[in-house]
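In what comes next, chain A is part of two complexes: it sits with chain B in the first one and with chain C in the second one.
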Partner chain A sequence: MAVPRFWRRLKNLYNLLGTHCKNCGSYYYPPRNICPACRRGGKVEPYKFKGAGEVLTYTIIHGGPKDNARPTPYVLAIIKLDEGPRLTSQIVANPEDVKIGMRVKSVFRKLGEESKHGIIYYGTKFIPA
Partner chain B sequence: MRDVAIIGVGCTKFGELWDSSFRDIFVKAGVSALEDAHMHGEKVDAMYIGNMSGGRFIEQEHIGALIADYSGLATLHIPATRVEAACASGGLALRQGVLAVASGYHDIVVVGGAEKMTDVGVDTATDALAAAADREWEGIMGATFPGLYGMIARLHMHKYGTTREHLAAAAVKNHRNGSMNERAQFQNEITIDDVLGSQMVADPLRVLDCSPITDGAAAVILAPAEIATRYTDTPVYVKASAQASGTISLHDRKDITTLDASVWAGRRAFKMAGLAPKDIDLVEVHDCFTIAEICAIEDLDFVPKGEGGKATLEGMTAIGGSIPVNTSGGLKACGHPVGATGVKQAVEITEQLRGTAGKRQVNGAEVGMTHNVGGSGATAVVHIFSRNR
Partner chain C sequence: MSVGIVSYGAYIPRYRIKLEEIAKVWGDDPASITGGLMVLEKSVPDIDEDTATIAVEAARYAVSRAGIDASRIGAIYTGSESHPYAVKPTSTIVAEAIDATPALTAADFEFACKAGTAGIQTCMGLVASNIIDLGMAIGSDVAQGAPGDALEYTAAAGGVAYVIGSRDLAAEIEATYSYTTDTPDFWRREGMPYPEHGGRFTGEPGYFKHVVSAARGLMDKLGTKPQDYNYAVFHQPNGKFPRRAAQMLGFSTEQIKPGIVVTLLGNTYSGSCMMGLAATLDIAKPGDRIFVTAFGSGAGSDAFSIRVTDGMEKIRGGAPSVESLLQNPVYVNYAIYAKHKGKIRL
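Up next is the complex of A and B:
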């Protein structure tokens, strides 16, 4: 990930900061500026998610992208936040312990790095709750 | 709108074509399609080229111009357009060609698809393919394509009782079909045990659940139906050309195990052609992973949701079954040069409907379908073809 792309997303990556449409009540993470339900009729505002949710599905990735911050195997999952939206993230846990429907909560973790001596970037992963 | 016909097809061998360049393979496919249509290049009015990632795979953009030039058509100054929709680039290029002929804007159109993926290492290729997903919200979080389809597979197994054997049966069947296709990257037969014993990639998907990295090119020549028989005795008519979009991220789908874009493109295609799933004699679906073939036959309504795995294991989709799927060997065995795949599917259906598919011929095939997907399902393109106008 290039540095400008990372910097402009700092607050969304660190805080699970998404959006909420006051018109229809839908929550969005990743953030959306246009509510697909209301389109231009929507009233979209920032919203900070509580970070609690459950595992909808997951996989254990054995052959991952070559990246020092991602030793394989690692658990990749789709998590449904309690407010409704779903996101893709990693679960920091023993792969055998991960189950569909398991409760998880967000944590601040290293996501990756540009190269061995490059910039490290951080963001949100999940752990068993 | 005018009816459109395919009057010529061409396709290279699919595989690791290390002694051929990108331009070598698309020229080869294009020339064999023109020869098949008994036509010279001066007749061509326009070209549409499906190519996903020339920039990443061969560090070459401006693919439309390159292809027109090396096909000898730049001196005729024909319009040449590259079309991109990740792994659905070929299907989408075909649709652009069909629209151009149907509208009356052009008469003879060459539709090509080409990808040279083995000039870079596996890591670079995997990362280039990952660009078909949402880079900022899936890729950076660690998602790979096997990972995304692995998550679809796990939920499908959880919700519907689909088993590992069900998934493996799709790969076994596609390798059997590929063994009868001299263009296929893999022409070896495999067993369910081979699949289940192969290296784990993204649990529950293993290496033999995944389509390979492939070089290859394919081309078809389109013409208005009313003049098609000037060029060929066996025109194949385009009865429907449908496209649909879905969310770029898998996590935003209404149902993770359903590719909405496939459902909508399929419905639109059936409606356009005035046909139903029972009227289709064979279909080439987008089996980038075994689970993708299971989802495809469900989403296109050939089997009820959740029953695709069982139907595959029971032989419904084999040649000789009630709806043969991926007679070419599919993406799994024939190979998956991403920009070429959607066009190769049309080449396979054309040969089947002409009755020239050799050992893998589906007896009496009259109506065929192709289904090409971009990413984890953000784009789907479905075409229906018939021997009869």
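Up next is the complex of A and C:
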């Protein structure tokens, strides 16, 4: 990930910062500038997700890219946040301990790094709640 | 104006390694190691945890414990000897992650194991002079110890964040006093992965001289004596040093007991003394007085006299206690520990 690309997403990665449409009550992560349901009638505001949710489904990665912050095997899951949006994230846990439907909460971790000399990508992962 | 602790938060990674496991690898006698150091196990960071992630978790607990509006925080100082970047502040990462940006000042501190308490003193000054409303001082480390070195038995991971202010205090900092000299007892040269130390030299001219002098200096300044305090906390590179310092100063075993966290945690370097204080605040009652003396090699000591206020009861349950953070550890063997600590170069 190039430095500007990471920097642009930094606030959303650190704090699960998304959006909420005050008109229809929908929540979006990543954030949307326009509510796709309400279109012109939408009233979109920034929203910081609480970071609690459940595992909808997951996979165990055995052959991932070489990455010191994410050694294989690791768990990649689709998580449904309590406010509604679904997102893909790593679950920091033993693969055997991860179950569909289990409660998870967000934590602040290293997501990776550009290289040994490059920047470190920080952001949100999930752990069993 | 009274200045003190408005809130605090601690974070300890869930992994542990027993000292006997390390002793087995290096051919040392486990009983003599654990008996000599008075430490049984130490915390190990997860593979994706570092000083910044630990500082953020501690800072978030400090903010949530007292329900603080993070935009009130006008300064963040993170003390560590294992900042992930040589140039690029850990404190800006923390500030962004707790939503305290952009109207604040931030910097990273380094003074071996007392960089976090130096941050507390800086925040006290800024708050007392009305330059900022709240300041946050953090001590966080993924402590380094070279494979096979004596330090490897205790170098641990953890962090503590304190929010310093003048209103809604959970504990008032009555006074602080520091004692600093140029003493080369422990160091890490630029670009080197592990610190070096002067062996036994670190004891008398380093730790004990500075801790005892700072502690006596503060008590002289205030006209207090050890019996005036309910609790005392000292920097704890091992279990022996704080006990001996307490004895030299006239503090009892009971007074230092709640703050001795090194036995099951190890030495969290910049987080060490601050973690002992957090564990003591977890159980302290309004009116209790706590005497705190941090030590950083190189060398210096910061002493604090703290009085717990009624506000402590309001924030006590707002974040995990140190005792709860120490519970349910996941034990790893030396190979996994070496992988987590980056001792295996890929």
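Throughout what follows, the second predicted complex is superposed on the first by the 129 of 129 C-alpha atoms of A that agree within 3 Å, B and C clash if a C-alpha of one lies under 4 Å from a C-alpha of the other, contacts with A are read in each partner's own complex, and residues count from 1 in each chain.
Going forward, contacts are C-beta pairs under 8 Å (C-beta built on N, C-alpha and C of every residue); 3 or more make two chains touch, one makes a residue touch a chain.
Everything quoted here is computed from the prediction, not taken from an experiment.
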Superposed partners chain B and chain C on chain A - clash or fit: fit
Chain B versus chain C as contact partner of A:Asn15, first or second or both or neither: second
Chain A: partner with more touched residues, chain B or chain C: B
First (chain B), second (chain C), both or neither touched by A:Val107: second
Touched partner set for A:Arg40, first chain B, second chain C, both or neither: neither
Touching partner for A:Arg86 - first (chain B), second (chain C), both, neither: first
Partner chain in contact with A:His117 - chain B first, chain C second, else both or neither: neither
Degrees between the directions from chain A toward chain B and toward chain C, using C-alpha centres, nearest 10: 150
Closest approach of chain C to chain B (Cα atoms, Å): 13
Common interface positions of chain A, toward chain B and toward chain C: 66, 70, 111
Chain A-facing residues of chain C, complex: 46-50, 52-53, 56-57, 60, 84-85, 88, 93, 96-97, 99, 339, 342, 346
Chain B residues within the chain A interface of the complex: 123, 126-127, 130, 134, 136-138, 140-144, 146-147, 150-155, 158, 199-205, 249-252, 256
Interfacial residue positions of chain A with respect to chain B in the complex: 1, 5, 9, 30, 56-66, 70, 73-74, 76-78, 86-90, 95, 100, 111-112, 123
Of chain A, residues touching chain C in the complex: 10-11, 14-15, 48, 66, 68-71, 92, 107-111, 119-120, 122, 125
